[in-house]
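Paired with chain B in one complex and with chain C in the other, chain A is shared by the two complexes that follow.
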Partner chain A sequence: MSLFYYTFIPIVIAFIAYFLNKKIKLSLAILNSVVFAYLFYQISRLYNQWNIPHETISYYMFDREIQLIFQLTPLSWLFIFMTTGAGLLIAIFTIKSQQEYVLRSSFHLNFAILIGSILGVVLAGDFLTLFIFWEIMTWSSFFLISSGEKKAAQKASYRYIILSTIGAYLMVTALFIIYNQIHTFGYNQVAAHLSGLPITESIILIIMLAIPFIIKAGVFPFHVWVNGAHSNAPKEFSPFLSGLMLKVGIYGVILLLYFVPLYNILKESVNYRGLPIFNYILAIFGCITVITGTILAIRQEDVKRLVAFSSISQMGYIIMALAISTPLGFTGGLLHLMNHMIFKTTIFLSIAAVIYRTKTTKMSEMGGLIFKMPVTFTAYLIAIIALAGIPPTNGFISKWVIYQALIDKGYIFLSVAAFFGSIGSFMYVFKPLSTIFLGQLKPEHENIKEVPFLMQLPMFVLMALILLFGILPGLQMNLINQISQLLNIQPVGFTLYSITGAFGKWNSLVIFSLFVGGFLLAFIIFISAKKSKQVGLMDTYTSGEYMDDPEAYHYAYQYFRPFDRVFDSFAARSLTVIYDTFAQNIVKLGNLFRKSIVTGNGQTYAFYMVLFIVILAFAGWII
Partner chain B sequence: MILNIFGFLLMAFSAMALGLLFIGIARKVVARVQKRIGPPFYQAYLDVFKLFTKNSITHGFIFDFGAIMAFGGMITTLFFVPVGPFVLYGMNGTLLLVIYLMAVAYLGMAMATVGSGNPLASVGISRALTQMLGYELPFIVVLLTLIYSSNTSSIIGIVQTQQSGFMNWNLINIPIGTAIAFVTLLGLMGKKPFDAPIAPSEIASGPVVEHGGKYLAFIMLQHAVSVVVKTALFVDLFLGGGNNIFIFIVKMLIVWLLVTLIGSIFPRFKVEEGVLFYWRWPLIAALLQAVIIIF
Partner chain C sequence: MVNLILIIALPLLAAFLIPLFNYINKKLPSIVVFLTTAINLLIIILNYNQIILEPVIIELGNWQAPFAINIYVGTLELISITVISIISLIIAFYNLNHSNFSSESKFHTLYSIIIAGIYGIVMTGDIFNLFVFIEITTVAAYGLTTFNKDKGYEAAIKYIIIGSISSVFLLMAIGFTYSAVGSLNMAVIAAASNLINPGLVRIISLLFFVGIAFEAGILPLSIWVPDVHSIAPSAVSSTLSGLVFLAGITALIKIFFNLFADPSLYVFLMIIGAISLIIGELIAYQQDDIKRMLAYSSIAQMSLVLTIISVGTKYAISGGLFQLFNHAILKTLLFLTAGLMIKYAGSRNISDFGGIAKKIPLIAVGFSVGSLGILGVPFFNGFVSKIMIVNGSLNAGEYILTFLVLFATVIEMAYYLKVIQTIFFGKISINPHKIVKSYVPIIVLITVVFLLGIYPELITKPLNQATGELLSRSDYISNVLGGM
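This part shows the complex of A and B:
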């Protein structure tokens, strides 16, 4: 199948199905699942066929030939595989979960277009193709975010589209400047041209090209759109937004730094400890992203906002690892990218399942759901173990590689930030676990049932992946080393279940077998002791008080208040406020300008006319 | 294979026994500091055996699972910390792993206690996690410095760099780091002044408020193993490890007694005060040390 069809099929099917959906309910969700499953199957067959030739599609616009170029590399294969995989799982999830959602037709229309456009971005063979699909992606995701059920969704999507537009303008300006000089958009030609330019000029162009990607990746100081968009988007779209949309930004960063080897140009600029200053600044931004994301995640009372901030902080890791540009850093960044996609999608899907049943996102309005929704709970539990980076899950392995890369170079402050984020993540992932799933069950949730099987299925698949990659990281390393070869990065040594770091080797099989041993021993001691009697959750030690209201007996609101107290002033001075003040000041300035010129007085306008003629006269036009 | 399983069981049970002995000694020492006679040193064994025979209540399957997870996670951690010459699984790159493996035990315990539905337990867990963010940061900085200066992240490797005499110990090489690690050890073990998570007079012992019978016995066993793991880790990293198991246990006992003595004379920090304390002097000193060693 031609590469072009991968982007074309979802977009066309989306429109067909949109009109079909008016007639038959749910046809769109099922059709989407089938199409994504077909694409997923085709893409998995593409593995190892890296010698597929470039494809060029020409068309004419205003008498000019415009070419769309597509190519397949291991790097783009990784992304199209992840995109269709996540799209498939989420489409299956939505079959049941969106039965009562009003905007579901447009949701699926935009979702399929989004998938198609992401495939286009990743398969693109030059900057123009990339830019076209990039814009389609931005707009379809904008419509998806704004179709959230809350009022705040509109504001959040405005913030998203404004930031994206700024990025797009910068990118298109840079591209046209370059095109004006060399008349091509090809990756290699642009890179060759940039390396010939004076260093300041080429760095400015690189920054202009990089900013749209950094905005999409949600890295400080452009992370302000992430929390609003994630928390207000439809509950089925948040997993995709966090799991994949942010990663497409990362793809752009990889593309610029490694694939179009702009790193070589940057190397000639100022260096700090053997690292170009641009990379170092990017790493520091990553480090600030980790810290801000963590501190703000711990404070949230809305579960989707909490997970959104955690996404911000995890993206900081990936950026940090990619920016330090060592083989280990690159490997760690890509590993974490895949693993974050898997576990963050799981977390958001389990949260979506909870919202589907309880119809709320406030953590203090839930509690004790573990006995009602055990599968959802298990999915959430395994995913947070991975997110907190606890073995034997995939999250630990990628974090371990990143730490090795950071210590290897002696970047002590970056490592402190990484560890802060990691230990802070124990705090923020435990908060929903404790307040939603554990604790006292609310009386109004007495009749809640587990979600339907079609919603459980994606969670089961993702859980299995978390454990699989936690035990056999070699499966991922195989692909990553192929990408490394493509990008001329020295590969990292690995076997099926071990990875070689800078200061030693990681062997997940030993860990896993010891885990089994430890748990077996504990289990045997446990069951050999006397059997215990089961009592209710209200039957606890209360210092002699009589308690009859489970709602009052559930510790959920402001879970980490002592910690939040430390950072109250920090959180009040958030970047969003600064941006908002900036926007307000621009509006004020505009108003001032308008009031002083557009006075509403006829004489003023007459004065303008006279002034205009006088100026013309002085310019020598009339006389 | 059989030998491996035998070694596994031997090491697990001897660590439990050693840890319980340490706990018994600590109770005696604390009693003497407070001018009491105190229980006999073998009281902890009696307690565990008694608790296993008692009737107990559970609050659902997560309560059971959490107890198993806490204990199993701690046992797993044990095998990555060399105790004297006994190294059952000499895997490289284990120092960072140990920190995260301990988190399995904490997570299990936290789930079990919050699963009991008692808000006092939740308050305790929230405090414990907050405090963890406090003490782990300086500790991690010291560990990173250690990894960088020894050029290995395996604990066995770090022990080997300190062989051949007292002057090669990291206690001498990295004195500030050792002091900081000791202060963080107080927090890691939940000793005063960092015992806000279990504060008996405020939140009824916090996490263990609902545990009785075999569950309390499990918590005690887990605590015993964790004492062994943490003191052994400290001895391995800073006091040169040990070729002889007896010398090693004596070193562990010295560390444990110091921790107990210091822990029995201080009043308690408020939660955020404890965190800020760690982020102020220990963290700054640790970073300073790291900068000196790395640059």
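This part shows the complex of A and C:
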């Protein structure tokens, strides 16, 4: 199958299914699942066929035909595989979960277009193709976020699209500045041209090219869209948004840093601690992202917002690892990228399952669901173990490699941030665990059941993947080393169950056996211990008083208050405010124009005409 | 080959016969208008292949060029009249079902006249004839504005005030030109423009600019536009915004590229256009009334076209022209769908359209296709023109202009998306005021949008040819005057 079809099949099928959906309910979700499954199968067969020739489509634009190039590399294979995989799992999840959702058909239409466009972005062989599909991706995801059920979804998606578009326009400007000199958009030619330019000029162009990717990846200082978009998007789309959309931004960063080897271009620029200044600043931004994301995640009362901020902080890890441009850093970044996609999708899906049953996202309105929804609980538990970076899950391995890379090069500040983020993640992932699943069951949730099997299935698959890659990271390393080879990076040594770091080897099989032993031991102690006693939910606080707002007294409310208090002043100084003020000032300017110019009075308008002529005449048209 | 003069003559003839037809059958006038627009499209299609090879010049009364009024149809004019004929046909089709005014036959008479005027502005090769056609168009537009009884008169009065002041300037320009050159033929003036006193040329060009730009959507001359467009029936709004602006810009291009090709003036046009663009977008953002919003958006788009074309290079001009034609198609779609939504909801406020897409999906989709086209989403027609504009302005080294254009697009996005979000995802708050149905015009326009988005060569190839013709004045002169 031609590469071109991978992007167009989902888009075309989406429209057909959209019209079908009017007749048969659910046909869209099922058809999407089937299409994604087919694509997934086809893509998995593409593995190792890296010598598929480029494909081109001509698009007549200025006064010539422009070739849109599609190509397959190990890197793009990784992304298309992940995209269709995640798309398939989420499509299966939605078959059951969207029974009562009104905007179902528009959700699926846009979701399929989104999948197609992401495939286009990563299969693109030149910047123009990338830009075209990048725009489609932005738009379809905008519609997806807007179709969230909460009222704030509209504002969130608005912020998202405006920020994304500004980024895209910076990119298109840079691209056409380059195009006008070399008349091609090809990656290699652009790279060659950039390395030939004076250093300041090329740095400006590189920054313009990089900003859209950094915005999509949700890295400081452009992370302001992430939490609103994630928390307000439809519950089924949040997993994809966090699991994959953010990663497409990372794909762009990889493209710039390694594929268009910026490192070589920037080597001659100002260096700081052995890194080009651009890379170093990017790493610092990554590090700030980790800290900001972590601190803000701990404060949240809304579970989806919490996980959204956690995504921001995890993106910081990946950017940090990629920016330091060492083989270990690259490997760690890519490993964390895959692993984060797996465990963050799991977390969001399990939360979607909880929302599906409880219809709320406030943590203080839930509790004690562990016995009601055991599968969801297990999925969440395993995923947060991975997120916190505890063996034997995949999250540990990737974080381990990143630490190795950071410490190896002696970046103390970055390493401290990474450790801070890791410890912080213990705090924020534990909060939903203890407040949603543990604690006591709310009376209104007495009749809740586990979600239907079709919704459990994706969670099972993802749980299995978390453990599989936690034990056998060699499966991922195999592909990563092929990517490293493609990008001329020295490969990192590995076997099926061990990775060679800077300071030694990690053998996950041994660790896995140890942990299994530990779990068994703990389980035996748990079984043999005395049963715990049930206590009423509000008993400790009320003392018989009447309460206006019981939620505020729930133990989940302001869970980590002492910790939050330390960072209160930090959290108040929000970047969002700066962006909003800027936008408001533009709106005010418009209002000023409207009030002063558009008087609605015929005489004034006639006066404008005369004034206009006089001004023009004296401004140099005549005199 | 069929004589191209027919495409001006037929609507005029129809206009005068319509009262007669109305006497026979009340339904007949709209059918007659539809038929004339269809015949016009047919005539243009029949002539297309010949005109694309070389420009066609028709001299009235068989007098040679300097003496008679002539009609000049080069590639630019050909594309313009093709777009005009397609859009006027679609609007005429729309009018078959939707013009339920008490004085229906008058409406169709005026509509026929305005179409004839628009064709005339685009095709004429004579500046006094240009003035006449502009007057025909404007006067018909005054009348068409008043068909919504309540506020129509106030808007029309404003329109008349500004229109008549402008026409005075236009007439002055023509007078000056005639006294300097001794001819009203555009080619003769073009040939002689180097010989006239350069100071006089600048005065004349300023007067021409003011006289025509009021019909081309440039602030502050076109400040009447929102009042008129928001009050007029939606078929009229789309004609005014899509076609009259197109004709106005085409006339400006002719004046500033064929007649007086003085590159030092382009800077002024660029600055006026850029300021008008930003102000137009900023004010459009403020509007709650959907038709006023669209009207300000039209102003901004026309200013964009003017500012890009006045960059004056090949790439920039073809990008600007493409945007001009895209805008004509998209604004027709937008005004028609907005009009239907207004009828359905019984209100012109955007906030009253919440969730309207559930009730009238095709119309809502039509509106969003139009908006996304204007915003330049890939595979919509606006994408290619936006890319061409960016390429053109960067190619000429106009970095600040590129920044302003893209900044304006971001503001534009902000207000179009407000509408799209409301109609698709807003809370349903509609109690249908009036049931509306319209499939064919919307589907046809959507098809055109995607056709041009996926196969832009349909229009960019002729456009490149048109740009080439615009930039070689001597060819134009020798074509008309026969190597005189």
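Keep in mind that, in the parts below, the second predicted complex is superposed on the first by the 547 of 623 C-alpha atoms of A that agree within 3 Å, B and C clash if a C-alpha of one lies under 4 Å from a C-alpha of the other, contacts with A are read in each partner's own complex, and residues count from 1 in each chain.
Note that a residue touches a chain if its C-beta (ideal position, glycine included) is under 8 Å from a C-beta of that chain, and two chains touch if they have at least 3 such contacts.
Small disclaimer: the values here were computed from a predicted structure and weren't measured.
Asks: Would you check which partner chain A:Y579 touches, where first means chain B only, second means chain C only, and both and neither mean what they say?
Replies: neither
Asks: Between chain B and chain C, whom does A:F419 touch in the aligned arrangement: first, second, both, or neither?
Replies: In the superposed model, A:F419 contacts chain B only, not chain C.
Asks: Comparing chain C with chain B, which touches more residues belonging to chain A?
Replies: Of the two chains, more chain A residues are contacted by B.
Asks: Is A:Y38 touching anything from chain B or chain C once the two structures are fitted on A? First, second, both or neither.
Replies: After superposing on A, A:Y38 lies clear of both chain B and chain C.
Asks: Going by the contact rule set out at the top, does A:A153 touch chain B (first), chain C (second), both, or neither?
Replies: Only chain C is touched by A:A153; chain B is not.
Asks: So in the superposed three-chain picture, is A:F4 touching just chain B, just chain C, both, or none of them (first/second/both/neither)?
Replies: Touch partners of A:F4: none, neither chain B nor chain C.
Asks: By the touch definition at the top of the document, which applies to A:F612: first (chain B), second (chain C), both, or neither?
Replies: In the superposed model, A:F612 contacts chain C only, not chain B.
Asks: Quick one: classify A:F460 as touching chain B (first), chain C (second), both or neither.
Replies: In the superposition, A:F460 contacts neither chain B nor chain C.
Asks: Have a look at where A:Y179 lands relative to chain B and chain C in the superposition and call it first, second, both or neither.
Replies: second
Asks: Once chain A of both complexes is superposed, is A:G410 in touch with chain B (first), chain C (second), both, or neither?
Replies: Touch partner of A:G410: chain B, not chain C.
Asks: Under the stated contact criterion, what part of chain A meets chain C in this complex?
Replies: Within the complex, chain A touches chain C at residues 59-63, 103, 106, 132-133, 135-136, 139, 142-143, 146-147, 153-154, 157-158, 161-162, 165-166, 169, 172-173, 176-177, 179-180, 586-587, 589-591, 593-594, 597-598, 600, 602-603, 605-606, 608-613, 616-617, 619-622.
Asks: Which residues of chain A touch chain B once you look at their complex with the stated criterion?
Replies: Against chain B, chain A makes touches at 368, 370-371, 381, 385, 388-391, 396, 400, 403-404, 407, 410, 412-413, 415-416, 419-420, 423-424, 426-427, 430, 433-434, 438-440, 501, 503-507, 510-511, 514-515, 517-523, 525-526, 529-530, 532-541, 543, 553-555, 559-560, 562-563, 565-566.
Asks: Using the touch definition up top, name the residues of chain B that touch chain A in the complex.
Replies: It comes out as residues 5, 8-9, 12, 52-60, 62, 64, 67-69, 71-76, 79, 89, 91-94, 96-97, 100-101, 103-104, 106-107, 110-111, 114-120, 122-123, 125-127, 129-130, 132-133, 136-137, 140-141, 144-145, 147-148, 151-154, 157, 204, 209-210, 213-215, 217-218, 221, 270-272, 275-276, 287, 290-291, 294-295.
Asks: Could you pull out which chain C residues touch chain A in their complex?
Replies: Answer in residue numbers: 157-158, 161-162, 165-166, 169, 199, 202-203, 205-206, 209-210, 214, 219-221, 223-224, 226-227, 265, 268, 272, 279, 281-283, 285-286, 314-315, 318, 372, 377-379, 383-384, 387-388, 390-391, 394-395, 402-403, 406, 409-411, 413-414, 417-418, 421, 424-425, 455-457, 460-461, 464.
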